[in-house]
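In the two complexes that follow, chain A is the common piece, with chain B as its partner first and chain C second.
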Partner chain A sequence: MPLLAQAAAQLAPTQGVTVALAFSAALFCVGLVGFLVRRNMILMFLCTELMLQAAAIAFIAFGRMRMDTGGQVFVIFILTVAAAEAALALGLVVLLYRRRETLSAEAWQELHE
Partner chain B sequence: MNLSACLLALSDTQVVGHAVEHASLLNAPIVQAIAAPELRWAGWILLLPLLSAVLCVACAALRIKSKLPALLTTLALGTSFALVLKLYLMRGPDAGPVVVHLWDWMNFSWGDGRWKSFQADVSLYIDSLTMLWMLFVTGLGTLITIYASEYMESDRGVSYSRFFFGVSIFLLAMSILVMADNLVLLYMGWEGVGLASYLLIGYNYQKPSAVAAAKKAFIMNRIGDLGLAIGIWLIWVNYGSIEFNRLFRVFEDADRGVGGWDRSLIPFCLMLGAFGKSAQLPLFTWLPDAMEGPTPVSALIHAATMVTAGVYLIARMQPLFSLHPDAMTMVAWIGALTALLSATIGMAQYDMKRVFAYSTVSQLGYMFLGLGVGTAYGASYHVFTHAFFKALLFLTSGAIMHGFAGQLDLRRLSGLRRVPGFRIVSWTMLIGCLWLSAFPYSAGFFSKDIILVQAMSQPKFQILGWIGLATAGLTAYYSFRVWFRVCAGPVSFVAGEEAHADHDGQNNPGAHFEHGGESSHGAASNLAHARTANAGTAFHPHKPRIAIKSVLLFICLGAILSGIPGMQSLRGQANWVQEMVAHSSAVRASGEDHITTPVAFGLDAHGIVSVFGISAAIGGILFAMWIHLLDRRMADRMRSTLLSSRLTRWLPIAMENKWYVDELYHTLFRLPMWITSHMLHFLDRHLVDGLLVNGLGRLPVMIGRLFQPLYNGALQGYATTMAGGLILVLVWVAYRWCGGAA
Partner chain C sequence: MNPTDTISSAPLMPFYIAAAIAAAGLLFVLRPARGNLRRAGTVIGLAGFGMLLAQAIKLAGPSESSISTPFYMVFAAIGIIGAVRVITHPRPVFAAIYFVVTVIAAAAIFLMLQAEFLAFALIIVYAGAILITYMFVLMLAHQSPEDEIGRIGDEDYDRIPREPMVAVLLGFFMLAALGAVIERAPELAMENATIAQTRMVTRSANALQSMPLAMLAQARLKEPTAISLAKDASGNSGGNSSDNFGGNSASSASTWDGTMLQVRVNTEDNEVRCVAVDPAQCIDNVQLVGLDLIAKYPASLELAGVILLMAMFGAVVLARRQIELGDDERRRAAGMSSMVLDLPETERGGN
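Let's look at the complex of A and B:
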């Protein structure tokens, strides 16, 4: 671990940030596309989780760029919130499944307006 | 030529009589009014009709089915009349004017001097002109209320209360009009009588024709009232006051002559108001239609009292009118032309009430002629006598209408003087017709005589005098046309359309009753025979009872007695009507000019009027007797002779169609307004409402429609929209960033 820290310290603050941000953007896009193309509510929920984690990575990357640990602190919070959200959302999905006997989001299309 | 010698002798006595007493009255100044706080009780004359109006509303609210509203109204109006009488007896006919201040109403001042304050209080200006009007207004009002208590009995209940409420409101407004001490209060009464007239003409509000007549009366009166309102405003602007007492002082000092355009406009504005209210030439068509109202209303409002308000206004404002050289000439011309025109229409009407309505318009024309030629005495005296005999004629025709289920057609009634129960009606109607046609020594003869003599004795008004004499002949003809058709001849009648099922057990409204002799005019009699064949049961006319009969006798007595002043002046004595007018603001026009030089045929003005007036009256009566009693088919034959010739065809057609005045107004005013209003309505509905209001309202809806497919309920759809928005933001940021970098 000291080695890793040493290596990190030797790196310039911006070094690797571009990669991390690019990874974050890619992960976000995967989540977005997944959300748009899938109909399964659990998968759609997982895609939102992907997008959320992409945001978390972006937090870390920007924290790194400013040499600030605040980004990492926020990620801890995000993870906590995401866990709570996951519990709630999965509970909702189960309820919705019981109502319509399907996981497809299209079953709930009449909720518009 | 015994007759003409008699007439000449008669005319000579008149000359002496008039000449002796008027020399002193000419150019007398108007006496200034003094405050009379001790007469405050005169306010009850106004308050009592108000009280009875309130009580009538209470009766309506309590759904009283008895004749209580009539009783209350009669009591209130009778007390009001008693108070007027007491006031008159206290003051006598020659008392000077007094002002009785009742309450403050409007009293502003914004500086010192004239034009810096405005005062209009609820005060009474009581002079002899006021008293003359109040005596017959409240007196006839009371009598006609008694008559109406029987006449209106078939709709006892809320409508009955509504009727007497209207009558009370009318008496209240008319008393305010006549007793007001300033023009604003007078205007309030003026509008009040208009309202009462509207309410009572439209009494049968389920009947479309009654509603239309009420609206017509109200709207045509508004046109006149606009003139009056502008006139009052101009008077304040020009003379700095609207109180009669101050105004008369100002008029005394005002220089005669035209003055500025606004000052010279004042009399014509007031004239417009007077002509609207009194149904004169441009605005007369509402009065015949006003006969849709119940007959007591026609007798009280549209014959005896309200329509004389215009005469009162001009008599009251005589000092103002005499300031303008042409104002009185115009009044005289309008009066004479209206008298002639409406008499010709009255000759050709078949509805009894309409004949009398046109004769009212015609007689009002005489009154304006009298005012115009400078005898407010003659005009006021004619108002006074006309109030009695015309009310009598309307009440008798009302009794006939009441008895024959609404029948008013001259052609369907005949010989009523032999029908049991209608003797009194027929004979009182004869008195009314004689008085209306100015039969020698009747009251109508005296009052008309004064007006015509005054017109004849001034060279510039002689033509109007001749018009008046011609109209007198027509008047005699049409009034006796009614009497000979309806009351004389063989007994024959057809009931009208209103069945009074609550009287006399079973009435058959279509039934026809006839015994002996010829029936009336052609078509009607065929119809009548057809109905007789079909209807088995005979129609029994509903006889007038004590209330109607006694009122008829009372008013008949009043009509006879109203000739006494004329009789007195014939003997060369002073008479109270003349004294009363001479002691009021109409003093300037209360005397008469006398020229003794021959006017025509070697006769002076009195001679002309006596000879031609009496021969016109008797000639008219005899002619009516010939074609409507002795040889009834003659009337039809004459009509068809006139119709068959191309040259004369227009005459009966135009007269029967009232000279197409209604149609003319329709084309000139109603039609353009109708077209304009429909065009504006179209513009409003399609341009303003359609394009601007609804169009702008629809714009957000349309924009919403554009994006509505995005909100289809599919979660992915919303997500796509969001993503699209996000991408757009990103593109925009990138663009700005690159631009900024560049």
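Let's look at the complex of A and C:
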């Protein structure tokens, strides 16, 4: 048991994990602001990628804190979702761009065609 | 009243102030204003973010500072600068490149958090695959218009932000709300530190026991003459490790006493020796994540496959519609009637 306690003291995640969590929170908020502020449809989706990234960092940090690899496994799924989202969203954006010849999200304020 | 009580009753106040300063800086940076104001905004925002990280460290409690903390802070700062450039840069292509900066900073933080596999997976998948897709579409769709002098300008919708005030306010509230989580994290970590370490070692031991080849390799480090895992008394499997992977085939050749894994191996001179192996140093991150992924979340793994398949179908369907649209436009340009109106019923139903 003293060996375990020693190892725990060595590996106890403290400051690094909190800094990573603060970074994750700030990154998520920047992504959120970006999604609201950006008017280019592609960059709006890029901002959702920022938010996904922030979620991944939070998963890793909490997983490190609890010494649970489940957090890392979930980040793999986040990567999957991000890849699927990129493929679909960009396909849609290209479709919309062909119709209006602009990437501005405001071109689609009225959705009837 | 004890002054420490008042401090502990509002431990998040400095965090909120730091978040407000960072938000104000972000607001200045977002405004399409003159250079000076933006520069001031950058300084204010970075100062706010630095205060934010300092507050996070203070919230971490009276732990001894580790060497890696400055590295965390540096990479966090790089990541945030990249992210802010993503949402402020007037050129979309540059915004996408700055996203790579954020991805690399996040990967560095993953590395320091001992998620080595995902650090590189992140760079390969995000910076390598997803970002290239974004760049491809950006370059496909985005042509900067030239103004009357012939200089390439930026689109209005890339230069002028939409409702920066409201957005920043919302972001500030979001950050303030997340502060509560950050505050609770350190005490959770402290409570869990020893338990988590025990869990880690136990889990490594279990993982090692279900991987006979890895177990034999680890035993060989201590006992170079080992040729195979020993059979147990009842003659069960665990003998030739190369052809019985999976299950708990090797567990009969090993016992776990809480700190060390006792592995029984056959040596070259036909003896059975017992070797003590420290599981915490045997299983690396990739093996643990892989085993977790397969053994604990098989349904989620299948679901991820279905999601990717659906994304592929969706992309194919979207691309097919684009081709039809192209035909339609060509017909209209040639003065013929639109194809959409006189599509045969079967094709219209197919969409």
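A few points about this structure:
Note that in this section the second predicted complex is superposed on the first by the 100 of 113 C-alpha atoms of A that agree within 3 Å, B and C clash if a C-alpha of one lies under 4 Å from a C-alpha of the other, contacts with A are read in each partner's own complex, and residues count from 1 in each chain.
Keep this in mind: contacts are C-beta pairs under 8 Å (C-beta built on N, C-alpha and C of every residue); 3 or more make two chains touch, one makes a residue touch a chain.
Being a predicted model, the structure only gives us computed values, none of them experimental.
Measured by the number of chain A residues touched, the leading partner among chain B and chain C is C.
Touch criterion met: A:111 reaches chain B, while chain C stays clear of it. In the overlay built on the shared chain, the residue A:46 is in contact with chain C alone; chain B does not reach it. When the two structures are aligned on the shared chain, A:32 is found in touch with chain B and with chain C.
For the contact definition in use here, the residues of chain A common to its chain B contact set and its chain C contact set are 32, 36-37, 39, 105-106. Residues of chain A that touch chain B in their complex: 32, 35-37, 39, 44, 105-106, 108-113.
Residues 1, 3-5, 7-9, 11-23, 25-34, 36-40, 42-43, 45-47, 49-50, 53, 56-57, 60-70, 72-73, 75-77, 79-88, 90-95, 97-99, 102-106 of chain A are the ones touching chain C in the complex.
Contact residues of chain C toward chain A in the complex are 22, 26, 30, 49, 52-53, 55-57, 59-61, 63, 65-66, 68-69, 72-73, 75-76, 79-80, 83-84, 86-87, 92, 95-96, 99, 102-103, 106, 109-110, 112-115, 117-118, 121-122, 125-126, 129-130, 133-134, 137-138, 140-142, 155-158, 160-164, 166-168, 170-172, 174-175, 178-179, 181-182, 185-186, 188-190, 192-194, 196-201, 203, 259, 280, 285, 288-289, 292-293, 296-297, 300, 304, 307-308, 310-312, 314-315, 318-319, 321-322, 325-326. Chain contact summary for the complex, chain B toward chain A: residues 711-716, 719-720, 723.
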